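Order of writing sets the chain letters: A, B, C and D. Residues in each chain are counted from 1.
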């Protein structure tokens, strides 16, 4: 298994070499712990600047599940709940971590991983107009991911509409940006960190899937949520003793645009594969422009490719084909991509000919 | 502040250089995530071997607070509680993290950070003999640290006695070994990992304070606790996506005794300072043989030393002196130690003369 | 509003007069608290006898939401979850109470409030066969209601099949019997308390909706769940200080079949209304034989009836009609039922004629 | 055991006969559930009036443990904790119910059950001045009982001082009044409900121990805590379906001073016993003027009395005597009190003579 080429996820490698160099370079320096070091300070300044808001708080948390559960439980009173797309990461992939903090997830049907302002407004309205709402968990936050689990993007206008509904309904808006860089550098992306900051009460910028060893940078704009946020991080185990490791990595990622450059690279690699699959005539379960591809692939082809490559089986499509997830990352090499493309073309040659 | 020499904690630096080299060397290799990689496998095998028990489960968790809260909440039913020394880390330094999982901490008065088998037996007896115990949280686990928060050690016979009481009373024994290496290599230490494994239901071997960037290795012997332990780790956010980072570090630390060698070094460094302080005539709040020193220091001396060194102020002793904590670590250099000793001797010269 | 005749729920009145007499009669007697009194003892014996199992534990809990949350949290480890029909009371009507104990509810699509053994098996299978199940909450319990929220019944064979799947899959079976009496005395009901006890790990017999002032009797057969169950009741606030109030009521309800007799009365009253509505030509959202009716009613009729009667608006059916819930109970008088029927017939006379 | 005369607690009987009459009288009336009935409305108005504040919210909750846990968890964010006297009911008698909602209890040493404004100020100051307070649970609420577990009273000036510290430190003040009536009618009591309302953010008036079958009336003044409080009550299972049972009882208790009259009676009964014990020369573990007595009693006397009376053994005092708790209540008869006194005098006759 070890020798196969990985397209199964965006965390198959370590960190971008520039981060490793920086970690080695600073390794024996002495600093205070728990994020009270100059590197975290520097990273905070850079991120505040990119967000166009000097008043936001920036915290660095060890991992994504922790970031989700901390952000949500720091925001809600006991009876309050969070809206999530029904395929949201917090609902489907985190072992009930949100519920373990005491809060219910209220799901909203999603289309290609996305939900709309109208859906949120309607779901909130149903709650609000229910005379028996004392028996219902109270929606107080909206959780979405950008890009989504399916690699799709919210348009600026869609996000603005969601932010508007949230403001009108008194809901906090929380954007999970575990793959934010891949989203912001994708074709069709039409907003930046400044706009995201304007829309959200709280969001985070993922590191682990985009060049860091680990870690996520949470941006907290809402003052109610921001108060004592560090204590909630500590309570849930998200405060790294050697906090500088996160400061060093995020400084390096953001100081000259490395973060976006390597995300763009991943998108480019994905696009090469996407075009190849399209040429070979395959449909996609979801169309997108980011680093996750969801081709509907004949089982025989998947089986053949699996001798050389690791991809993720998602679900059965029909008797002879399945939905497969192919992921590229900042670390994906053009060599590996070309190898995959060449194998696809070779194996699909008859089909390609047929369609010619 | 940055230029001061640190004796404030054992996590002021990064990782032991050999670990950094290994992380750099493996950086671009591709592996599966979440601890299902060959490095975690290798580290598990090494640790099982050192524990003399092939049947224990070994898990690598991102941080100490997480390890404590996961180990405790995975073990207890809702009405159950954990005994802890009243100065236990879970009670005094983790922002209510155990209570946040729903469980009460029942404190036992500690002497120099330690509690005894007799105390545990008596406390459990009081619970058990109370006819109204339906109104009481049920003690089900004993949490102790080795070495303790005060750097003191349990003797083999003391640990055995505690393990016996736990077995008789149906209590799980959980040892927090965040500084286990410093304890096991200290003068007067009389047991090894094999004995610890025999005594405990669950314990952990600290990495972050002993040469790793971060991470703790939990050893779970009790089969009830062990079941689905990984799901509890994930639920609480302790499962690292790039789990191999922990496997690589723990493999390197344990493969040829590096862990114990660098812990011994820290103890030696501490002992040089200890002897110097004794020569200068200072008493200690607690006597111990590990890497944390607790001298009772005149405020004027502390003030003077603080211009060059960071130490931790613990509490006031009398009108003119305080309890100070001095920590050495795997990374403490002899140069810095000699500098500190020389400053102590210089500043205490009159006193030294006086006592001569 | 106060002078309207109530058909809105089965808890609009106090308790059956015989229970009130007994409470008055015993009012000044002195007993121990917290359920350790002779009345709770007597009620326990009677219930054990009806269940055909002397080894079950019986506990009396103040209310239904408490009974649900206590039964579930006493059964599950932190990472475990409970399957529930998507319209299950715990999912839709209890303000997130289960999640507040830390556990996720995994919903299964329900038909007329019911789920099947096949659905449970498939849902568990999907979990079990998922290689990434460390990221999923683990199903460990099945929650169903009998009768369901829609007043429908599980057949003996259906319940047996569910119990079989639970046993094979290692799932606890928990039956919410808040309206159990109405179910067991309904036409088409084909099992008794003995059979229910054989099938379940834990279930409860509702009091508040069936003749008591308040209170539910939980029957715990599974020994793992049963251990220290009283402590969990106390911890969650469900242990009544004057516990005998529950013992007195349940003794009286069960000592000579009062419970079933008054439930049967409610079903009879419901059936009179049901037949009347059928004669008037109305369809039902769900067909059932218990005390809750779900007619699809023209809005004009509902409006007219609402001047005299309280019913529950459930949801819109089409432009001119809605689903209405009509509830009878142990306390419903034939006079009120006849009054309602007569009003229905009067108001629907043209329609009745039309169809004649 | 059943035939002994009870002095073991203040909940050995049912309800005051006037309440039973009212419950019987209203038994078959139909009302809405969940506290939205005219009786709860009436009781709310009466209590608001007694509190001298039309803007407070009043809620009726099934039991004391529920009231404590709901009041506390509705007030705190996840990292926040509650100060309690070390013998506080929430810390020692509720099976870890507060921790089960996720919050730590921070204990303050108590003298005769009481804590002082100075202690609270000092404890908060220690937290606030700790530079490492990110590692500490944040005190945000003060919990005290009036009268205390030892039947002692806060003076008006002491309560005012505590309220002042709470205001300065941003702490909520929560008074557990499970026995409030016994306190407010005791000799030496110098404040009323109006003053209590001025001082507190939230408090409750106990029913179960003072004439009701069950139930506590919570008065919520603080607007932050008050918001959606009913949803938290429901979520934790404290919202009675037949909520009117609480409204009826509290209306009856408060409409013409019954509550205070019967509490005064209990205090008088206690005082008769107190004087008798003093005449017999016994010391008290704690001196107080309310309905709980804590004599230090020779074991032989206790043993002898125990043949006829139930009292509560509290703890050993010395080799030959123990601290015993004797409780009177609204239901204690003068006949039983005289019987006890006469037995004390008879059994202590030699001692009485000796001292004469």
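For the reader, a short list of remarks on this structure follows.
In the analysis below, a contact is a pair of C-beta atoms (placed from the backbone, for glycine too) under 8 Å apart; a residue touches a chain by one contact, two chains touch by 3 or more.
Keep in mind the model is a prediction, meaning the values are calculated, not measured.
Among the remaining chains, those touching chain B and also chain D are A, C. Relative to chain A, the most remote chain by averaged C-alpha coordinates is D. Between chain B and chain C, the centres computed from C-alpha atoms are 51 Å apart.
The mean-CA centres of chain C and chain D are about 35 angstrom from one another, to the nearest whole unit. Taking each chain's centre as the mean of its C-alpha atoms, chain A lies 42 Å from chain C.
The set of chain B residues that touch two or more partner chains comprises 78-79, 94-96, 100-102, 134-138, 231, 234-235, 239.
Of all residues in chain A, those touching chain B in their complex are 1-2, 5-6, 8-9, 11-15, 17, 20, 23-24, 26-33, 38, 62-66, 69, 94-97, 100, 208-209, 213-214, 231, 234-242, 245, 331. Considering their complex, residues 78-79, 81, 92-96, 99-105, 132, 134-138 of chain D touch chain B. Residue ranges of chain A in contact with chain D, taken from their complex: 34, 73-74, 77-79, 101-102, 133-138, 228, 230-232, 234-235, 239.
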